[in-house]
Amino acid sequence: MLGYILKRLLHAVPVALAVSVICFSLVQLAPGDPLAVVLPADASQETVDAVKAQYGLDRPLVVQYFIWLGNVVTGDFGKSIATGRPVLSEISNAIGYSLSLAFLASLMALIVGLSLGMLAGYTIGSPVDKVASAFAISGVSIPHYWLGIVLVVIFSVQLNALPAMGAGTNPDAGILERLRFMILPAVTLAAMPAGIVTRSVRALVAETLARDFVTALRAKGLTEVQIFGHVVKNSAPTALAVIGVQMGYLMAGSILVETVFSWPGTGLLLNSAILTRDIPLLQGTILVLALFFVAMNLIVDILQPLFDPRIKRI
Amino acid sequence: MKPAEKVRIEPALEAISLEKTFTVRGGLPGSAAKKVHAVSDVSFQLQPGTTLGIVGESGCGKSTLARLLLQLIEPDAGDVLLDGSQILQTRAGLKAYRRQVQMVFQDSSASLNPRLTIEQSIIFGPLIHGVDKESARTDAHELLTQVGLEPTLYAGRYPHELSGGQRQRVNIARALALRPKIVIFDEAVSALDKSVEAQVLNLLNELKAKLDLSFIFISHDLNVVRYIADNLIVMYLGEVVESGSVDRIYENPRHPYTKALLASMPSTDPEERTHEAPIVGDPPSPIDLPQGCRFAPRCPSAEAVCTANAPAHDPVGAEVVRCHMADPVSGHSLAGQSS
Amino acid sequence: MSIVNSEGPQTATPISSLPVTVMPRSVGYWQSVWQRLCKDKVSMICLISLILIICASFAAPLLTSYDPAIGSVIKRLKPVGTEGHILGTDELGRDMLTRLLYGGRTSLIMGFVPVFLALLIGGSLGTFAGFVGGRVNAIIMRTADVLFAFPSVLLAVAIAGALGAGVGNALVALTIVLVPPMIRITESATTQVRALDFVEAARASGAGNLTIIRVHVLGNILGPVLVYATSLLSVAIIMAAGLSFIGLGAKPPTAEWGLMLNTLRAAIYSQPLIAALPGVFIFIVSLSFNMLSDGLRSAMEVS
């Protein structure tokens, strides 16, 4: 087991490095002189050279990459061009908001997906299954930024029941007050993973029920409740794995939903970095989100064999 | 009987000391790559107009041998001679060789492209070799008739619309479409029902005589091989342990593995009781081969000499027995008695 | 899903009823898939809606006399059902129906082109990797894996964000995002087909690699690849409109569903229906492609 974990960890290192290379290359992709934003338009050649040397931009790209990587590893992501504050502190201010949203959305998706998937898997072909499957495919096909707008129209504009945007301004707000702000964006985010979990659980339950061992259990006189226990034991690891990977996606893909709800997380940060062409902030946020995604995949890979003995621990 | 005493007829196909080792990469990074000895030192001669049977348990290297003979994979060492001459290892040389040697595979459905009609599958080879489409089609229809399928009914069908036996007939027609001299059958009837199997075997004998073919027939079914083959080689872990005429081997097997194999054969005659102990255990992994005789770990007559040295044999003889007991000077206590 | 269908339903004409002189042409694989698809009501509804939306978008100038870019200040945000403006007007007084039709053009192109390019690039690379195997396979697949380490939306946003707004840049970003999954699916399909005996038999007949790929591989991987590409269209449409929604795709005054959704956000209080309309179209198109992909998959699963 320890060997397996070690192997997975070792495997993640080159992936993380590759991710960092891509993030670094993004700056090179960006058109225009990266110094144009720092320097006045009429700067003399000496000033340009001096600033270039100061930022290390006169060195070869590979050297620049390693300098950048060294800084990133020591926690120095550079300074935001727009605010002048360190990128890392901008990100750490925002990441808690995104994490709590992603967590709540994952929880919702897990509960909805498991129940709908079980229902559908138990009643394959029935009207219940059709409704659940229709819900699932809609969840995967719906443009979630639009779902957000629709929810705002219904619950904020028409019913005036829930706040339409932001995370609230009262720092002393209780947990319930905070949750009120989270409900709409979390539901919006949960739609797609709920659909995915429903579809995988449905397939898994149907497959489990069709297998010989369930027939054998029935023949042995096990009650339906006990068989249900077996089905849950068989489907839960997959559902958890799916949701783990989805949580990485939720964090990374939060830009659209956070924009819709002006939720002050990493997605909104990314959006403002794009709008202001704040390259260090863009680079840093993308790196953190991508690494979070890599880490979630790693955690799922490591945890899955613990829950699911069918997966070999080589 | 020594080969030198026979009148030398050039064999249709000859294998000389074929060797093939596969490298298997270890699971963890850094672990050493392992070698699988799929085929070691295999030699035989296929006489024109005859059928050579190759038998052995699954995993003994039969299928690798077939692919070596077809030149689908390159041997590490050794040669394949067609009509006594080397095969040119050029594109054109291989292409010419492939017209002469064709194969029928075990899985009748996997060996036909599901998206092509029967006719398209059969004419694929001839088209590759520059035969014009019209005559290829005429030939294909004739071949279908020869294998017992009415072309007007079957040429336009897709493989899934045919039964396993019909598909295997199509595969035979496909192999024959290039007018080969030699056809290799790799477990080609193993998946068929017994009654269908008998029909196909009869068809093969018929075709062999009519079209002047030579067959190599790979199978694990000893009854089938006895019925169809003239000569036989018995393989164990990539090696030929015994070879000779079918009649000689079935009546007087000399290698303990052959004896055990034949003893395990289900007999229809209740008088014919099993004399030899059936083989115990599984064959050792071809990755970690035992030193000495490869059969020694499972052999009822194994002695110290068997685990110490590999038995000697005559590499080109028609009769091979790779066993210390067959060698009077090996030092085995039963040496020379069994023959 | 299995690539090789073993025993299909006997869709061919019964043998007994045929005159012997006529060679029966069996129903080909694709023909039978199409026949089964035609029997599936859901797939047909999806297919027809898609065809209607695509045709209407590209025939926009014939269907409406308004200019999608020109509005009227006095006619801003007229409700659905206004005379002369069946679907109302937007925040600049432009006809919504016209904008939705023209917007469909941009949105559909932004979804289709990347999938098509990914199919070409990723499909060739994947087929090549799967067919050749060995070291070449490892190099191609490990490179694809690196891009896979990036969640798709983030990668698209990152590339488009670095390149800057514009339809062209969004197409580049989306293509880069869709190539790796396309490589994966074609590689795995090709690897499966390559291991089948008919490929070996073709090689044993003396066929070269290109002939084998053309005759024996492509026809057999097309099914799963097509199913996957159809579902990718759904993803691509959502992502493309999403990029425009955050200002990384189409630029005003271009009509594009995602961009319209964004610019109409101010109208959610006064005209919520109009504000939500562009999303309805994105949803319908994306849902239709997804369901069509499911329908295709089951039409191909011959049991």
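Note that the chains are named A, B and C in the order they appear, and that numbering of residues resets to 1 at the start of each chain.
Throughout what follows, a contact is a pair of C-beta atoms (placed from the backbone, for glycine too) under 8 Å apart; a residue touches a chain by one contact, two chains touch by 3 or more.
Note that the structure is a prediction, hence the values are computed from the model and not measured.
Chains A-C form the pair with the most C-beta pairs in contact. Central chain by Cα centroid: C, whose mean Cα position is closest to the mean of all protein Cα atoms.
Measuring from the averaged C-alpha position of chain A to that of chain B gives a distance of 56 Å. Between chain A and chain C the centroid-to-centroid distance comes to 24 Å (mean Cα coordinates, whole Å).
Computed centre separation for the pair chain B/chain C is 49 angstrom, with centres defined by C-alpha atoms.
For chain B in complex with chain C, the touching residues are 67, 70, 72, 94-95, 98-99, 101-103, 105-107, 109-117, 121, 124-125, 128-129, 150-153, 155-158, 160-161, 171, 174-175, 178. Contact residues of chain C toward chain A in the complex are 145-147, 149-154, 157-159, 161-164, 234, 238, 241-242, 245-248, 258, 261, 265, 268-269, 272, 275-276, 278-280, 282-283, 286-287, 289-291, 294.
Those residues of chain A that touch chain C in the shared complex are 15-16, 18-19, 22-23, 26-27, 29-31, 137-138, 140-143, 145-147, 149-150, 152-153, 157-158, 248-249, 252-253, 255-256, 259-260, 270-271, 273-275, 277, 279, 282, 286, 289-290, 293-294, 297.
Every residue of chain C that touches chain B in the complex is listed here, in rising order: 3-8, 10, 12, 15, 18, 20-26, 28-29, 196-198, 200-207, 211, 215-216, 219-220, 302.
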